[in-house]
Amino acid sequence: MSMSLIAAQLLNGLQLGILLFLMSAGLTLVMGIMNFANLAHGSLYMIGAYIAAALHAMTGSFVVSAILAVAGTLVVGYLLERLLLSRLYGVEDLYQVLATFGLILVFNQTVKIIWGQAPVFMSTPEFLSGTVTLFGLSYPSYRFAIIVAGLLVGLGLYLAINRTRVGMWIRAGASDREMIAALGVNIRLVNTLVFAIGAALAGFAGVMAGPILSIQPGMGEPILVLVLVVIVTGGIGSIRGAFYGALVVGIVDTIGRAFLPAIMRALLDPEIARGAGPAVASILIYVFMATVLALKPNGLFPAKYR
Amino acid sequence: MRKIISTVVVGLSLGATTGPAATQEPIKIGYIGDFTGVAGALAEDQYEGFNLFLEQHDGKLGGFPVRVIREDSQWKPEVATQLVEKLIEKDQVPIITGITGSNIMMAVHRPITERKVFLISSGAGPSPVAGKGCSPYAFYTARQANQISEVVGRYANGKYNNVMILAANYQAGKDVAAGFKRTFEGTIVEENYTALTQPDFSAEIAQIQVTAPDAVFVFFPPALGINFTRQYHQAGLNATIPLLTTGFLDDQSLPSLKDAAVGVHVGEFWMSSVDTPASKALLDAFKKKFNRMPANYVAAGYDSAVLLDAAIRRVNGDVANQEAFRAALKEGSEGTTRGKLRFNNNNFPIQSMYVFAAEKDGGDYRMKTVETFPDQQDSYHQECPLP
Amino acid sequence: MSLLEVKGLVKRFGGLLATDNLDLTIKPGELHAIIGPNGAGKTTLISQLSGTLRPTEGSILLEGRDITRWPVHRRAALGLARSYQITSVFTEFTVIENVMLAVQARSGSSFSFWTNVHSDAALVEPARDILRQVGLLDVADVPVARIAHGGRRQLEIAMSLAMAPRLLLLDEPMAGMSHSESKEMVTLLRRLKGQYGILLVEHDMSAVFALADRITVLVYGKPIACGRPEEIRKDKAVRAAYLGEEEIAA
Amino acid sequence: MNTNMLSRMRLSNCVALVLIAAFAVAPLVAHGIGQPFYIVLISRIMIFAIAAIGVNLALGYVGMVSLGHALYIGIGAYAVAISLHSGLANGWAHLLIALAAGGVIAVPIGLVCLRTSGFGFVMITLAFSQMFFYLAVGLRQYGGDEGMPLPSRSAFFPLDAANATTFYYMAFFVLMLVLLLLHRLIHARFGMVIRGCKLNEARMRALGFSTLRHKLVAYVISAEICVLAGVLLANLTRFATPSYLEWIMSGDLVVMTVLGGAGTLIGPLVGATVWVVLEELLASFYIDLPWNLSEFIRSNWTAVLGIVIIVVTLTLKKGLYGFLVARDGGVR
């Protein structure tokens, strides 16, 4: 197990973590401020990927299609919040979960009607299709681009939330819902804003994942589960928690997949290890989450003051 | 609760039913596919193949009108067993066909065959039902799941010494890996399994680079396999470590994979380059109807209809005579996309297996036959007690 | 022996000192009132006594037993009953069900899975007795959602009584009440006084001075005076604190 | 007002009685119209209803939203499958083994999960069921992800479980038993405590209740009800598969419960019935409608189902049966 492999795998974990962070940042705020559990967040990721793929095939320009896809998901998120989800704010969270579960079914079927059942593909942008040699291993430039773009967005988000007036409202809302009303802020506006931005970030994650993954109906659900893991381990409503949570989940998952089977083979009978290795690797993040929650029930970086 | 099941005379308007044959009750055929769920695209392919033959033959098999009752198992075994009950008890079908996933096959195999209803699988062929669990009432028109990788192992012999195996951690993944290991005589330097839902393989690709084998054999469910192939290409490894695979790269996925697939070798039982009259007919009809290339599940679905056509003709429509119909099915059929379909003692086909390679021909991409292995039998037929 | 003895209680929230080295005793049957301007730390004190907040320093003794680190439900089981500033009854239950729940908490096992509580005489009889005491018997079977605010406050007291308490912690029982409702509450508290030790936090000064045996005045978490009502009335520091507040309020 | 209330009271109770009566006579009707297949379909509905009732105890009465109860269905199913596989055919023994295994697993998991609340609880229950899901996938000798066919149904001497009608009435009996248990439980001392916990847990502690212990017991009972459903499900389908443990299954159970009305006795039964029947109806929708609508619905039935869910949550906020109960004014 060479150092270069470990370094490469850390980079892979970082890249997964960045994607997860883009997905988690918006949802954790929606859950923290509006106390709203939106399961359809994964669908926005899917929609972002589909729009980008369609536009890329049409225009041939990655940058243009990425911008339009992010704008598109922002609009979808805005409409979704205004037309449907805002009607569910007062309702018991269970019914929110149910309604957004219904939404998942509708969205999945809608993209199936538009783009078909078979996966759609988005090609890697020309200027990022090469590889970089790093630690003696070749690494796709595109994955670097994901890391850089994700970190930039994360930085932008950090500045927006810590340095602007709207950001202050958002922080206030996440730590204390009553406080934001006391500040005389239009809470409806903040809700819509947070929801639309969250949607756009999920859409952006979808765009970035497009060239790596096959784009197909239901692609949002597996990642949604990971995102929810990130959010509860990080602490609901906390951007900082989402950031560290995403990186930790990304790295734990990747490192586990990469090294656990080999470690188990060294320790156990090879036949048993071959069966147990991947199983243990796939439950690693769940074990991680269960441990965190058992020790710190409010997550690693709880946003609310208790 | 009362459900109105109207007849679906496939692909045909009233015209066909007003002929002389209309006086006879159509033969009922239950069709179970995993239309909703991860295998949805495969299930559609399989059904389209079956449907295409029926359309070409005025909704008749063996000259007799049939009524197909199409059901969606949703990739849920408990739903599939429920559908079997419904098809057998309520609709009283003598034949059930389709079946996409191995887990669905395992759930429905016994409930169907125990009642002496005929099961014609045009998809799944897991090892338990090929060996000890075989049944005289179950027939398979695709392949036994291990066969497609056994042929890759044979192909790799002498070409590569050290091969690394990477597969999704599910039964089909383990079966396919076992098939490769059974026939490959070189060294397996590393064997790695990934979670079935994992869509990104960056960690595994880094591992491959460090291990640096002569070649890699991989197997994943279709969408994941395509992900892997693209990511492997993005890491620039196609040029250095050849990729051997099976199951997901075909005429249908090649147009979207393009350069990412060039040079990849695939073991399969059928692709459109297989040279038979039925293949050509299927290719033309399918392209005309859907404006895309057919995948092997289309061929397996089509061949299941060809088989039923021949067998129903042999018993002159009397499918209720189970012994006669069983014998008629066992005889196999001429005119499938793979030529003559012959059955082994376990009712799996004895057939040619192929290794294909994706190549670029000018601006065009196509799958080329690299090597043919005739008369292949699956590895479990000796465990099957049937004669 | 004192019923409740609080020694050197300190509670800090970050840099903020919410309870500042507080000593307090309550004798059996005594009604001890806590008054003080807004933000004096009255509710914080009650929360520390009932166990929802952990004190930073100091100790709390109930009948000589150190309960400083006990969880809420154990303190409650020992006879420490709290009524809440914001009414905190179970609105989906009927009035009597609320009280029965409190009776049940004191009556040992709740791991009975079969017998309907309404046919459980060990719950119904004591609950009816208490409802009679607080004057809610005629609305016993009405869901709480349908009774008025004053009634709910009375129900709070009833639930506290049902716990067979030794010490009642009453957090502004008259808040939000109409004049006539307040009068009823004063009558009720006067009746209870002497049977239980009571710690009363209240803004209604006429009620406090009419009822209390002793009064402690809190300002910024610090007790500035403690004594009988007439002593407090005369106390200079108290007048300063209250006049100061009124100036700001005006 | 009182007479009005009484006449309304009858509505939700009437619906409940009619539904139960319908389940009681369904096999006779099915035989009567010569469609015994429906016996199997309704058996499946009842089994899901039993599981949903289990989920409802945690979700509707204690307010613990668990996305992991499929785990206990899986335990029930695998207890039967593994016992049969190793030659033990006695169904009563299967039942004991399943319940014992369920208890041994539910107690520690419940203890850990109950440290969290709200969405944390949802996710930690999901995490545990995913762990067991992957464990089942890894159980190669018991079929791995492809699942494991059972050689026969469990032998519940002297009953003949292999007979569809007998099996139906066994499931019906269990359903009635579970309903009766729950009806007694929620109105008993224990039920008052757990319902109090749902409404205001802090207040319950201030009254002197150790809420953790009560919630844990409620969690374990609700898990064991799902174990029962699992034992029945494995016997109905004669199959045990990891997909019984998938989070989708837990999700379906929550949907059924909420659709019917969480926190009502009959709600989960209504929800399970409506859900399975809708699935059946939409997935093979052969009613003639203009503009090829029938074909459209059949191939997009999941979207139609999604729309139905959204409409129900927007309009009948307490669920189908919960709506009736609320009209009648009370928790009954």
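Just so it is clear, A, B, C and D label the chains in written order, and each chain counts residues from 1 on its own.
Note that a contact is a pair of C-beta atoms (placed from the backbone, for glycine too) under 8 Å apart; a residue touches a chain by one contact, two chains touch by 3 or more.
Note that the structure is a prediction, hence the values are computed from the model and not measured.
> Going by the contact rule set out at the top, which chains touch both chain B and chain D?
Chains that touch both chain B and chain D, as defined above, are A.
> If you count the contact pairs for each chain pair, which pair has the most?
If you count contacting C-beta pairs, the leading pair is A-D.
> Of all the other chains, whose mean CA position lies farthest from chain C?
B
> Using mean CA coordinates as chain centres, what's the gap between chain C and chain D in Å?
Chain C and chain D have C-alpha centres separated by 43 Å.
> Centroid of chain A to centroid of chain C, CA atoms only: how many Å?
Roughly 48 Å separates the two chain centres.
> Quick one: chain A and chain B, Cα centre-to-centre, how many Å?
Taking the mean C-alpha position of each chain, the two centres sit 35 Å apart.
> Measuring centre to centre with CA averages, how many angstrom lie between chain B and chain C?
74
> Indicate the residues of chain D shared as contacts by at least two other chains.
Correct list: 134, 137-138, 140, 302.
> Would you pick out the residues of chain B that each touch at least 2 other chains?
169, 195
> Considering chain C alone, which of its residues make contact with at least two other chains?
none
> Provide the full list of chain pairs in touch.
Pairs satisfying the touch definition: A-B, A-D, B-D, C-D.
> What does chain B use to touch chain A in their complex?
Per the stated touch rule, the residues are 38, 40-41, 44, 169, 191-195, 197-200, 202-204, 206-207, 209-210, 222-224, 226-227, 230-231, 234-237, 252, 256-258.
> Please name which positions on chain C make contact with chain D in the complex.
Going by the criterion above, the answer is residues 50, 52, 71-74, 76-77, 81-82, 84, 88-93, 97, 100-102, 104-106, 109-118, 120, 123, 143, 159, 163.
> Report the residues of chain D in contact with chain B in the complex, numbered from low to high.
Where chain D meets chain B, its residues are 35-38, 40-41, 44, 134, 137-138, 140, 143-149, 233, 236-239, 241, 243-244, 277, 280-281, 283-284, 286-288, 299, 301-302.
> Per the contact definition, I'd like the list of chain D residues that touch chain C in the complex.
That would be residues 181, 184-185, 187-193, 195-196, 199-200, 202-211, 214, 217, 330-331 of chain D.
> List the residues on chain A that touch chain B in their complex, please.
2, 4-5, 8-9, 12-13, 15-16, 117-121, 123-124, 129-131, 137-140, 142-143, 211-214, 216-219, 222, 254-255, 257-258, 261, 274, 277-279, 281-282
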